[in-house]
Each structure stands twice: as C-alpha cells, then as structure tokens.
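We just call them A, B, C, D, E and F in the order they show up, numbering each chain from 1.
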Amino acid sequence: MSLTVYRKSHFNAAHRLYRNDWDDKKNKAVFGKCNNPNYHGHNYEFEVGVTGDINPETGFLIDIEKLKTIIKEEVEDYLDHKNLNLDIPEFKELNPTMENIVVLIWNKLRKRLNSNYGLSIKLFETPRNFVIYNG
Amino acid sequence: MSLTVYRKSHFNAAHRLYRNDWDDKKNKAVFGKCNNPNYHGHNYEFEVGVTGDINPETGFLIDIEKLKTIIKEEVEDYLDHKNLNLDIPEFKELNPTMENIVVLIWNKLRKRLNSNYGLSIKLFETPRNFVIYNG
Amino acid sequence: MSLTVYRKSHFNAAHRLYRNDWDDKKNKAVFGKCNNPNYHGHNYEFEVGVTGDINPETGFLIDIEKLKTIIKEEVEDYLDHKNLNLDIPEFKELNPTMENIVVLIWNKLRKRLNSNYGLSIKLFETPRNFVIYNG
Amino acid sequence: MSLTVYRKSHFNAAHRLYRNDWDDKKNKAVFGKCNNPNYHGHNYEFEVGVTGDINPETGFLIDIEKLKTIIKEEVEDYLDHKNLNLDIPEFKELNPTMENIVVLIWNKLRKRLNSNYGLSIKLFETPRNFVIYNG
Amino acid sequence: MSLTVYRKSHFNAAHRLYRNDWDDKKNKAVFGKCNNPNYHGHNYEFEVGVTGDINPETGFLIDIEKLKTIIKEEVEDYLDHKNLNLDIPEFKELNPTMENIVVLIWNKLRKRLNSNYGLSIKLFETPRNFVIYNG
Amino acid sequence: MSLTVYRKSHFNAAHRLYRNDWDDKKNKAVFGKCNNPNYHGHNYEFEVGVTGDINPETGFLIDIEKLKTIIKEEVEDYLDHKNLNLDIPEFKELNPTMENIVVLIWNKLRKRLNSNYGLSIKLFETPRNFVIYNG
C-alpha cells in the first residue's frame, strides 16, 4: 500500500554552470549556453511528495498547511529571486545543475519531516527539462 | 517490465472538513478554511493508471473505451456535481479529504477490473494539491 | 497602441443554480446537474488584465505587488472557500453563474483601480468552460 | 537512492488500428473510430526519463544536449510527420497503438544509452490518454 | 461592454498539404514535412467564443449544454478521427491548413447560432501553433 | 474579418530591476525581491501573433517555418541564456521589466514582417504574470 500527497510550488533564480579549474574553452564545450559568464535564469517549479498513512482522526496524511510553511521556509525563502552561484553557500563550489538543486531541496526538507514519511521531489528547470529525486 | 495505461477524467463537487465530536474552535484550528459550514468546492481532476501486459491480438493493454465506461459509471456518475458530505454515503462519517476520496475511487474501480491488472489513481484537488494511491 | 499586464489567481467555492420562483421540474430542466440542492463546486482560476501605459521611471504599467494585494483583498478574501449562494450577499437573489461572477469581480476591482486603466477579467469555471468580461 | 532526469519532446503522426485477418465488422467493433480506413492522427508528446547517478565533475546525470540529439535521431526524425502504418516498418504488421509505440521508442533509445542508465518513457496520444513503459 | 463565454473541445485528424497543379519538388519546397504523401496528424484543440448579453432570468449568456451539443454535431462528429483531405468534402480542393480549418469551423457554427451573438474560434494545431478567427 | 496565426516560443534569461539614480533603500522599496543585486531569472515563454489574410494558393496566412526562423534570429538568438541587464544593449539604461521586454520583442519582429501584417506579442515572465502588446 502506498499513498503520497503532493504540493506544488516555485522559485525564480539565476545561475550559470562552470568549473574554476577548467579553461573557458572546456567550460564552453561542456556547459554550452549555460556557461554564459553573466548568468541566465529559470522559473523553477517543483512538487514535494510525502508518502505515509492517513491519520484516521483528520483524514490527512499530512497537514498541507504545515507542509506549505515548511516548503516556504526551507525552499522559497532560501532560493527565490536569488543567484544560485553567488547567494547560496551550497553552490559556491558545486554546479547548480537541476540534479544538484533537487538534492539540496530534498536534504533541506528531509530534516523537517518526521522520519516515518517518505519524500520525493520533482523539479522543473524548464517545462521541457526536469528531474525526480527520491533520496 | 512494467507498462501502464492512463486515462484522465474529472468531476466537480462541494465538500467541507469537520468532525462532529469536535467543537467549532478545534474544527477551525485543524481544518482552517476547509471547515466553512456552508461548504466550498473543487474541480477534481484524476488519472486512472492500469498496469498489465499488451494483448498481442489488439495491441491494447486494456480497451480504453471500456475503461472510460467503467470510470463514468463508478466515479463520474457517482461524484460529479455532488456534495461529498451530504450526497455520498461513504462520507457521512468520514472526512472527504483528497486522501479519503482517492481511496474511495481506487476501491470502486478495483472491483470492476480483472485482478491481473495493477491499479493506481492520481487525484488533483487543485492544480497545486494532489495525491497518488496505489492500493 | 495597447499594452496589458495580466495577473493570474484563483479561488475555490461551492455553488448551485436555481430560481426560487420556478418549481423543481423547471429548475432541473434549465440548470441540469448545476441544480443539485446540496451544491457542487469548482476551482475558479482567473486572470486580471490591466491596460495602460508604461511608467518610464519604473518600467511598470502597474506595480504588480500592489495589484496582487488588491486582488487578494477584493476577490480571494471575499470568494475563496465560500458557498457563493449562501455566503456572498450579491448572490442571495442572483444566480452565481460564471457570467455573473465575472461581472462581480470586474466591478469590485474597477473601484480599486485608477480610472485611466482599462480592465478585463477572464474567469475559468472549469478548464473547459470560461468567460471574459471587459466592462 | 534514485535520481531520474527527464526530457520532453513530441512528434505528429497519422495512424489507424485494424487487422487484415479480421473483416470490417469485427475491426469496427474492436477498434471503433480508430479504425477509419483513411487514417486520423495525433500530436504525440513524450517524456524520456533516464535514471542514474550524478557525475561529480559536471553535476549532470547525463548531458541533456546529447540526450536531445539521441531523441531527435531515434524518435523525432523517425516518427515525425509520418503515417505510422505505411511509413514505419515496425508497424507494417503490428497495430500502432500507444502501447506498441511506447515500446518501439523505448527499444530504440535503449540501444543508444549506456547500460548503466535506467530508462522509462511516458507517451501521450492525447492529453487524456497516455502510457508509461519502464522496459 | 463585452462578455464572451468560451467552450473548449477537440478532435483528432490526419491531413497533408499539397497542390495537384504543382510538381513534387514545388510541393516539397512550399509545404515541407506537411507534404508527406501518406499523411500525418494532430490533436486539434479548439475554443468556441460566443459574445452577447446575460439573460437576466438564468444568468446565462448562452446555455452551455446547448452550445456543447451544437459543437458536437457541427465539429466533433464531422471532423473527429477523419482524414481531412479524403473524408471532408470542403477540403477536396482546398488545403486543410489550420487557417482554412478554423474558417470552416466558424462557418459551420455561425449557421447554428442566433445572429445576435458574436463568434470567435481559436484552433490549436499543436500546442505551439494556433490561429484565431473572428469572422 | 480578422484572422491571426500564433507561434509559441521561449527563452531563459537573468535580470534585475533597479535605477542607478536611486539609493538602495528606494530601489528595494520599489522593486522588492526583483532588486536582488546578483540577479534572478525566468523562463520567458512568448506567443507571436500575426494578423492578415489567407494566401489562397497555399492556405497559409504566413509561412510558419519562415516565421520560426525570424523568431529564432530576432528573439531566441538575441535573448536566450543571457543576462538582460548586462548582455542586451537596449537594457543598459532601461529596466528589463516584462513591459519593456515585450516592446523590444515587438519592435524587433515588426521590422522583419511585411507592413500588411498586424503584430501582437504575449510574454509570460512567470506562469502567473504576463503581458500583451499590440504596438
């Protein structure tokens, strides 16, 4: 048996992909347009999935208002209208690819949820490119 | 190996969340806006996923026209343009949360499908809040 | 020359369609499923369009944060998680059809916007049925 | 631990469903409108999901530009603006149902991806009918 | 003052673009992939907009159930699961481009609606290519 | 009579809103989160609408393949994966608000289209905030 409740949210951010230990030519070859030195950006849309059992008293798997507050505090307040490379400590040395971003979001939410719950995150970098991480 | 065919459908319904054995203050604290005594409502969109093998004669996993008929009889005719609390016997004593609604839909469709098929239901209460149940 | 800025929002509400001066048979014939005495409901999505000129100082036609506040106060706080027939004075005697709802929203927002601005509202009752009102 | 990167794409094609060894009456009974002798068509939208680990050097699970090229060569160039029954050898004797199409896409992409990667395909025949195949 | 009610619907069809009085080379140069002799196809989604006044008795601009019936009879029954070139008399000599299809739909619905109503049609050939015709 | 053909496209870019002649406090008060000195970004989706008559020879209002090329050259190649403030000369002194961006896109496309055509642009900065400009 498996029941998962999902909440959709979003943040808007700038980023670029590059490695300091590579020269411009290699950065350009590997990261293409995403290597633009002045950054570009995205509307990141994401879905938080929480797996568990129904509380028979309320009919809720989780109080979605509380989940919204956790998402706001951990993800929206932290990433919205930010430059991921410059403003977010985790990405000082790590490329803010959608793969690394989804792992960051998962880790931040995992700490705030009871360990009985399962957690999965779906992150859209664009309407055509997205990623799912289940921990 | 896993192949799943999905059919999307919808129903529009009113509901409210509350417990008779709680006073107004507690109901308001736990269920918030969803506790409004005069009900509110949603366009519920849902996806029915049926897992199985391809029939080599037709190329179908399931005849989707037959699946549409089952969905219409079990879900649309039963829930569309209804008040979930007042018109649906299963919710006389049970809160019509999206979690409890998705379990009801799964149980009703499960009875109509051959036991060889797997079944999963995704139910959107709003475009931002949804739930998946796999039985 | 015409420039229009749009902001999307939503509210969830219950309603029914009927006339007190018609008998049940006529109400059923004219309003069909929407006549269900116990109400049903929708996720109403709407888009507010404000037409005007760009303020050269800011590059804004209108401050969208102020527009969001006006939309919240006039529409969301007034209609979200409500029963349109029972909770909204304007619909005590008037059917809460999408046509009448869109006119109500337009009238409420019109009072809050400078008369130099044009105003149009698009209201989705379902993803398949919607209405546009330009005043 | 599970991380999956998705890329969305599409192709537009004509098809019909029928069996040569059935008479018209049986074909009509089983395949309904999809049996129209002169074909009909769809905008097929599909999502390619690739499961694996993050390359710590780039932050990529897979280079999505390379994935786009593979999808173009194997799926878009092969199926876009085609008649599936007449133009695609695999469907000379096999009904081009969405179930059989998704298996074809999976098989063609599977050959082009490193065997360390998992692969799943979601194919929409219409916005309301779709299928997922995980191999 | 302007109020318009919209109803969304769809049909799935095959077509190709070509002129009998042009040779293959010119047909290919002008119509590109859409010239494929064996046809290709689309999920055509369309929105019917009817402009008029609210009937104060019902609160309806138009009875949307009657509009649905007219759309089904004039458009869905006529175009769904068809080959536009072979099965639709209007396209025997006329290219079934989205421009010509939207005019056909408009003309067929115009005859069925009271002349007091304004009429506009939006037709999606793909999610990225669409057309609006107001008569 | 009015017929308009639309083509949808997109670009991803970074930007920030501020005025050099205002101090930080005023910039923050007027532009809020959009004032972040390190930029943020968006997936800008846009629709180009071209109004005109059907060419009776082809059935096209405009050759959409040529329109796609013009859109690529004038908008995508110019704005995609760019920092609007730093990389785009028009925004060196002008705030890259969605209002100013939509006017830039309209002006660039207007020069490339025959003056017989009407032109309108719809630009989404986010799925919830968008703008239409008709010149």
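One rule holds for everything that comes next: contacts are C-beta pairs under 8 Å (C-beta built on N, C-alpha and C of every residue); 3 or more make two chains touch, one makes a residue touch a chain.
Just so it is clear, the structure is predicted and the values come from calculations on it, not from any experiment.
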Task: Other chains in touch with both chain D and chain E - done: none
TODO: Please indicate which chain is farthest from chain D, where distance is taken between mean Cα coordinates of the chains.
DONE: C
Task: Furthest chain, CA centroid comparison against chain E - done: A
Open item on the list: Are the interface residues of chain C and chain F largely the same numbers on each copy, more than half shared, or largely different?
Closed with: different
Task: Averaged-CA centre spacing for the pair chain F and chain A, given as whole angstrom - done: 27
Open item on the list: From the mean C-alpha coordinate of chain D to that of chain F, what's the distance rounded to whole Å?
Closed with: 34
- [ ] Round to the nearest whole Å and give the separation of the Cα centres of chain A and chain E.
- [x] 41
Task: Multi-chain contact sites of chain B, meaning residues that touch two or more partners - done: 127
Task: Chains grouped in pairs wherever the two touch, ordered by label - done: A-B, A-D, A-F, B-C, B-D, C-E, C-F, D-E, E-F
Task: Contacting residues of chain F [partner chain E, same complex] - done: 1-9, 49, 54, 57-61, 63-65
Task: chain C to chain B touching residues, read off their complex - done: 10, 12-15, 33-34, 36, 38-43, 45, 80-83, 86-87, 126-127
TODO: Using the touch definition up top, name the residues of chain D that touch chain B in the complex.
DONE: 17, 19, 30-32, 94-100, 102-103, 127-135
